[in-house]
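What follows are several structures.
Here come two complexes built around subunit A, the first alongside subunit B, the second alongside subunit C.
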Partner chain A sequence: MLRALKLEPEKCTGCLQCEMACSYENEGVFNPSKSRIKVFMFHDTGRFAPYTCTQCDEAWCMHACPVEAIVVNETTGAKEVLEDTCVGCKVCTIACPFGTVNYNSASGKVVKCDLCGGDPWCAKACPTGAITYVDGDHTGLDRMRAWAQRSQPVEASFNTPASKDVSSYQRA
Partner chain B sequence: MAWTNKVMRVNLTEGKITEEPLNMEWAQQYLGQRGLATKYLVEEVDPTCDALGPDNKFIVTTGPLTGTMASTGGRYSVVTKSPLTGTVACSNSGGYFGAELKAAGWDMIIFEGKSPKPVYLYVHDDSVQLMDAGDIWGKSVWEADEILHKKHQDALIKIALVGRSAENGCLYSAVVNDLHRAAGRSGVGTVMASKNLKAVVARGTKGVGNIKDPMRFLQATEEGKRVLRENAVTGEGLPKYGTQVLMNVINESGAMPTRNMRETQFEGAHKISGEAMHEPRASDGQPNLTTNAACFGCTIACGRISTVDQGHFTIKNKPEYWKASGGLEYEAAWSLGSDNGVDDLDAITYANFVCNEDGIDPISFGATVAAAMELYEMGVITNEHTGGMAYNFGSAEALVHGVEMVAAGEGFGRDLALGSRRMCEKYGHPELSMTVKSQEFPAYDPRGIQGMGLAYATSNRGACHLRGYTVASEILGIPEKTDPLATEGKAELVKAFQDATAAFDSSGLCVFTSFAWTLDDVAPQLDAACEGGWTTEKLVELGERIWNMEREFNRLAGVTGKDDTLPKRLLEEAANAGPAQGKVNELGKMLPEYYKIRGWTADGVVTDETKQRLGL
Partner chain C sequence: MHHVIIGAGPAGVVAAEHIRRLDADAKISIIGDEPEPPYSRMAIPYFLIKQIDEKGTHLRKGADHFAGLGIDLVQDRVATVDAAGKQLSLAGGGSVAFDRLLIATGSSPATPPVPGVESQGVYNCWTLEDARNIVSLCQPGNRVVLMGAGFIGCIILEALASSGVDLTVVEMENRMVPRMMNEASGGLIKAWCEHKGVRVHTSTKVEAIEASGGALNVVLSNAETAGADMVISATGVRSNIGFLEGSGIDTDHGILVDTHLETSQPGIYAAGDVCQGKDFSTGEYSVQAIQPTAADHGRIAASNMAGMSQVHQGSVNMNVLDTMGLISSSFGMWMGVDGGESTELNDPGGFKYLNLQFADDLLVGASSLGLTDNVGVLRGLIQSRTRLGEWKDRLIQDPTRIMEAYLARTQAVGFNAYVV
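Right, the complex of A and B next:
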């Protein structure tokens, strides 16, 4: 099963635990400025939103790279940067429509989310469940469930074998 | 080690910035933040100096755990001598500024002297410079924050600054960071402005590394987060209702100071409570509360973000207030609400917005308005003084008038900006000032919570709930329940809370964690991060050392045992309602015992023996 990061902005409180976890895992230092996941704050509307690479199948960054420094990790599906190959040309940062590949001036290479090899630290660190790592084919399951719940009729339905009663369809 | 080992010294008189290593010997004795910065203050500042003169220093300080993954590890403090109380001042704030400063590589900034013209300090890692603040002087916190973000073309800078109230000399001005978090009490913002220092702008890209034992640190902080998550207060009550979870609880306990503390229960409490903030308004169908929000690193997220009804009289024609901003904490809801008899939730939310916008401590402001309302109803303060506004208890219009006037430094606002004690003295009724050491009370009536009377009377920064929050034990049963109406055992309880709080305040962590954590939970996190063998015992001793050091500074500043008292109203006028009805605060029964277990003389002076024991 391929898994994906599921981001739910409505659950985010802006604590930045994810940014610290990300920077610690990747750089060995608690340093939000070096995090590959970013939490954005929209002060005037009181909203927070975590954002990072969604690991496109047809990844613009990968296709744009002139030296093939961005490759697919077959286990996780993550598009990973090969540090030794990357020449720091930054073409991928232009190609990515979402801005989630960025240049790191300290190393002279680009950095992006690599799903921590299949155990993303941001998801582990998130205290509110705004970032989870779930079945990639069913990131919408919870939302579907919530809407399914709302679709129940107001009048309680009893689990009687009503399927043969055509009038019940008309009532709905 | 989790210290950066770097101190920045900024001589504002000469415009000179130097760097020096952190005194690591002191760090072992005073840890960081409150304790360590106070040590620097005590060593470098004459306690008798004019708090608003160039001889006072203004220290912005982080703790060892600031900027780390420890839950709530984003705190910073401002340490200076207070112009309001004349005592040591130490005000603590969350938001993101403290962690940003630490990530830029600084444990502490010591500002000295006074700049000849308005300036601000720009810190981008090792690149630091004083910059001209001519264009932001005279601007509110919100305006100046926006101008600075535009000027530096950097959305990621974090800013701590003062508003117009501080520039105008309001004695209880705050330092505000991230638009609505504040080092709020004791007039620390007034000191900042007195130095012609408008703002500190921080951008840090270094982060916090060098953790002593990283794996143990991650385990210890994870365990700490589990404890917070599973605790009813930090895991449920605070995220859902914020500190406003207390409004109904304290009111029911009969310890809700109401109408300048004349009464002990407020009939309108349920209208301004944390629960009420969730209720959709009749007017526009929206609740006052927009969302909860965390400070840096915090897994509790008690912060409130609120939106006022656009049709409300306070903001009807002011679209700049139609957006969401920092909402009510319990203390502010009390001071702006109950203490003034105002039960209009949106009005007090707006007043709170203005406090953030222009850097006003809402506790001291609200309590000063309460005193003004009492004086007005007595006929001492008249429409002539107020500029035609009727300052009756319950008047949301008067509250809003007051806060706008203090923000602008105009009219009756100049009287209110004196604080309760000086204003009441000016009008000939010092007995109506509900203060200790000239600082206004927070939201717990010591007639209904006896231990808080002792905590207020002996607090090193005047009346305050954040120096020894025995409410936790006396009302909430944390760590164990004591009888709020009893005096027995309270001396010991107050001392234990005061010392533990001093340790929390020196670590970089938020004291609100102590609803769930004891120092047993803090010690493993600190010890994994910092050299020095940080055990619970060492932290308890550290707290006691800090407390006595602060006490000595105050004594040398002329604030002594005779000032360890409460207003006559709380000692002689009985509570009028609730479980404490008929009770006064029995400070006299607790104070001598407190002095004794502190190891002080009968006059409340720290003995040589105690100093020696604590290595002072």
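Right, the complex of A and C next:
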């Protein structure tokens, strides 16, 4: 059974341990700017959202690559960049609609999450369980269902937040 | 069932492989007229700077990749298409019968209407053969005039400049890469190139190319004349449709297709640079001539050829370009739409620029310069037609927050993430 990264932003505290672990594992340095997983900050609402490649089935990056430098790892299901083959043309960086393939000007190649070969360090480093590596079937159904139904506001049973700007949006 | 594909570029190769995935028994042939194994023109700039060898440009690396998939590679040029008789005649003599045909013949460099453009010493930069010629002629001290500062002109600048030639760029429009960049960002690319020691003339036409001794004189519309040992012509490309005259296959700038990428002749499809396919942003049919669209077309045409109906929803026109290390990208309606709104971040000192174009609260276009992180999400926001809501105003305040906008509007990032 393929496993996948399950990202739960509501558990994220923005500590950036995942970025530190990713950059150290993959680049040999503790440098969040070199991390393949990024924590996006919503300071005005105190929210944090870790995000990286979902290893999507469509694999836009892989299909757009002109030199067959992105391949599927049959063991992990990850779409991996073959550094020796990548010429650095960056077509995959504009093809990926999730913005999770990035160009590294130092190496002249592109980088993306490869699930650390099946043992992702971001998940191991996350102290709050916001990033877990779980059975691929268990990553998103509840979340997708909740998200799809969000237009019917859910009565919160405690600490009702001041504004739920997303749910109050009215389609024209 | 014999599937014949004319053209061994990305569209043709992707299509052949996809047909094989869908039909294990079909006979598949690719007819290409270049002597090399299928290769990528996208990789040529990296061949020019000797980062890769010729094999590094090949679309597929395995020596027996195509044989292994049962795909025949035929080196020949198709002379005529008999659509009714389902037959191709080849320039090398002989003919090929087909059941389904994919025309993926790509495009060729346009020849600008300049007297003397046929002179010896004027080269295109399009094929591997062109690239070999340029490598051999780019000797230190040689004078090179690059005609056209579009995508191809800009992407080979690094290779030309690093070979030590004395380089002059001439562009007719008022800025560099006019089909990708507006005046602000195109102007920044020019400043960047000049900073790197390249002479750039914009709003300047080449009036004539004259032979003088063993060299060339390039007469410019600004009354200057540039001496040159080599002129590289990079003034755009045109779809290769000439051989279809009289075939009954309707053409305009490229081959006209429906949303299944089928041409006016049943059973005959088109893909890639030769295909005038649907543009996601405008809904109109145009030739995009970009790699991701070629791959999209190839896959969708292949599905339809193999009998699995698939509709092409339109491809987002987009590009990414590296001009001597300054990276730019553009997406969709980057030049904006009537009645739309826009925002820009302009940092000329830092060679950074970002421009977002909105219609209502949808992102419809974007262009960026010097910013490469997460740029793909611009495509995602455009193509998914994600309603930005209050995030539109936040992006107008700070256009760099594109990832936050995408996550906030598409992912469960809310209070308790709405998972109760």
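Things to note:
Note that the second predicted complex is superposed on the first by the 139 of 172 C-alpha atoms of A that agree within 3 Å, B and C clash if a C-alpha of one lies under 4 Å from a C-alpha of the other, contacts with A are read in each partner's own complex, and residues count from 1 in each chain.
Rule of thumb we're sticking to: a residue touches a chain if its C-beta (ideal position, glycine included) is under 8 Å from a C-beta of that chain, and two chains touch if they have at least 3 such contacts.
Because the structure is predicted, anything quoted here is derived from the model rather than measured.
In the overlay built on the shared chain, the residue A:63 is in contact with subunit C alone; subunit B does not reach it. Residue contacts after overlaying the shared chain place A:93 against subunit C, while subunit B stays out of touching range.
More residues of subunit A are touched by C (comparison of subunit B with subunit C). Of the two partner chains, subunit B is the only one touched by A:28; subunit C is not.
Of the two partner chains placed around the shared chain by superposition, subunit C is the only one that A:101 touches, whereas subunit B remains out of contact.
Look at A:2: by the touch rule set out above, it reaches neither subunit B nor subunit C.
Of the two partner chains placed by superposition, only subunit C is touched by A:85; subunit B is not.
In the superposition on chain A, A:47 makes contact with both subunit B and subunit C.
Once the two complexes are overlaid on chain A, the subunit A residues touched by subunit B in the first and by subunit C in the second are 47. Per the touch definition, subunit A reaches subunit B in the complex via residues 13-17, 20-21, 23-24, 27-34, 43-48, 125, 127-128. In the complex of the two chains, the subunit A residues touching subunit C come out as 8-10, 38, 40-42, 47, 49, 51, 60, 63-64, 66-68, 85, 87-103, 105, 108, 142-144, 146-147, 149-150, 154, 156, 161, 164-167, 169, 171-172. On the side of subunit B, the complex with subunit A involves touching residues 67-69, 71, 96, 99, 103, 156, 179, 204-209, 214, 218, 225, 229, 239, 290-299, 301, 305, 307, 323-325.
Against subunit A, the residues of subunit C that register as touching in their complex are 10, 14, 40, 42-43, 45-46, 51-52, 56-61, 291-292, 295-296, 299, 318-320, 322, 325, 327, 329, 331, 360, 372-380, 383-384, 387, 389-390, 402-404, 406-409, 411-420.
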